[in-house]
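Below are two complexes that have chain A in common, paired first with chain B and then with chain C.
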Partner chain A sequence: MTNYGIKVSQAGYDVKTANKENLVFSSKYNTLKLFSNGSGSQSVPAATAPYGPPGTATVEITHNLGYKPAFIVFCTSIWRSNDKFSPYAYKSIGAISPDGGQYAVDTTKLYIHLYNGDSGGARTIYYRYHIYYNEL
Partner chain B sequence: MGDYGIKISKPGYDIKTTEIKNQVFNSSANSLKIWMAGSVNISVSEKTPYEGTGIGDADIAHNLGYAPFYLCYFKIKHASKLWLQDSLDTSMLYTNYITGTAYSNSTNLHLHVRVNGDNLAAFTAVGYYLIFIDKGMI
Partner chain C sequence: MILFYNKKTGEIIGEIEGRVHDPLVVRGAKISVSGTDDKDIGKYIVPTKPRKQKGRIVELVPDVPFTDKILLFEQDKSEIYKHKLALDKSGQIKGIIKLYGSRSG
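The block that comes next holds the complex of A and B.
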């Protein structure tokens, strides 16, 4: 038997004939499988001068998976209220001080690099992350 | 029979009573399904003060017929860290940096790498992608 597995269709679609985009789940296709998630906050020092190099802080999350996993991170921005999270890090061409966070992963850790472009003082940035079992 | 399907709860939660947020899987809620996953080398051109653009592009054909949801990551070819799309490689941060961005349309996932700064030699970046069956837009 070479054709076996599990399929679940969306409501209103016959699972025997539904197109793949109308399935809720199919064991034929891999899915993101959550390894770990969490959240926190980090104080980031002030920029050294107006429009100068930003203050930076890095949060390291150890995963020890031994490979580079898929992930996504959201963080707040010093220019927005703390209930607004985004995966986007803004730095236009020619700009100097980035805003928000940059995110990277290697075989042992997730790195959440946070930036404060405000020279007026340290600011707290909040972050949330998901690390998946899926290898990149 | 109007109430049927599959539910799997997280450890420590009773599947008969727990909310969907405490379930690993629920057949009434869609799951992101991976259509394609892989990586591609992207040649980034030299960036000079007045010549050279310092950009590189790659298209991944997905054949879905609609713009799918996706996740992308980028790195300099021989670097150890993979950066989430729209992040910057902080090893070059302040005056020189690179950033990787992407978009999907009905035929391709388009990856784009841009370098900011001058007198930067051409290099190879690598884009890693997950393309989902699920639509990125209505």
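The block that comes next holds the complex of A and C.
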């Protein structure tokens, strides 16, 4: 069988003999292929009571790929500074309310559900997302 | 870059990175958010023009009067949400304005 494809090795390694862990790219292995990426800012209403149900907001990002794509989302938390992003909803010990975000995807949209566990007022949560051509 | 904004206030609510996009993104991408009617969300695809060197196109660069702001947004995404779009009475985008202190988390 003909051996064909593209390989790129890390600096200091011969591409013809380098092990796969010393390559920066090889067409032999599948990779994530970026469809689109972006960010947003969303005001989320206050929780209805201290330690009670959180305020919620939903952002829907239309991708129209026709299948469920691989994706990842990160968002800020009202309990951390806005330069810290996490891929999951944060819930402090003993708290009923989650804070941060939870995410879902279907064949047309990416859904970002954001939570504000603070009853003191509406808060802004920032999110960043990547949607890939790869199917889930 | 594609900016999504509130047509009434000019507030930037989201963006898609990049100077070249899949046609599916250009045609169909949109953002819907709680509390804002879809018809009040604008989509602005930042125009680009080719930059040439020795007759060859080497990159696409923003082709707007506020290119400095677009380049700033590309370098630092947190800056996007410290700004809003300036709209004229017909809703056309005139520029990008820095916000001071009103949108902290």
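Heads up, the rule we're going with is that the second predicted complex is superposed on the first by the 130 of 136 C-alpha atoms of A that agree within 3 Å, B and C clash if a C-alpha of one lies under 4 Å from a C-alpha of the other, contacts with A are read in each partner's own complex, and residues count from 1 in each chain.
In the analysis below, a residue touches a chain if its C-beta (ideal position, glycine included) is under 8 Å from a C-beta of that chain, and two chains touch if they have at least 3 such contacts.
Bear in mind that the values here come from a model prediction, so they are computed numbers and not experimental data.
So, does A:17 touch the first partner chain B, the second partner chain C, both, or neither?
neither
Which of the two partners, first being chain B and second being chain C, lies in contact with A:25: first, second, both, or neither?
first
For A:53 in the superposed arrangement: first (chain B), second (chain C), both or neither?
Touch status of A:53: first partner only.
After lining up the shared chain so the two structures overlap, which partner does A:125 touch, if you call chain B first and chain C second: first, second, both or neither?
second
Look at A:134 in the shared chain and tell me whether it touches chain B only, chain C only, both, or neither; answer first, second, both or neither.
first
After superposition on the shared chain, which partner residues are touched by A:103: those of chain B (first), chain C (second), both, or neither?
The first partner, chain B, only.
Between chain B and chain C, point out the one touching more chain A residues.
Here the partner covering more residues of chain A is B.
Can A:76 be said to touch chain B (first), chain C (second), both, or neither?
Second partner only, chain C.
Across the two complexes, what residues of chain A are contacted by chain B and by chain C?
Looking at chain A, the two contact sets are disjoint.
So in the complex, which bits of chain B are touching chain A?
5-6, 25, 27-35, 37, 39, 64, 66, 71, 73, 80-84, 86-88, 90, 93-95, 97, 99, 114, 116, 128, 130, 133-135
Would you mind writing out the residues of chain A in touch with chain C in their complex?
35-43, 56-65, 76, 78, 81-83, 123-126, 128
Going by the contact rule at the top, pick out the chain A residues touching chain B in the complex.
8, 10-11, 20-21, 23-26, 29-32, 53, 68, 70-73, 87-89, 91, 93-94, 96, 98, 101-107, 111, 113, 134, 136
Sort out for me which residues of chain C touch chain A in the complex.
Its residues touching chain A are 2, 4, 12-18, 21-22, 24-25, 28-35, 77-78, 80-81, 103-105.
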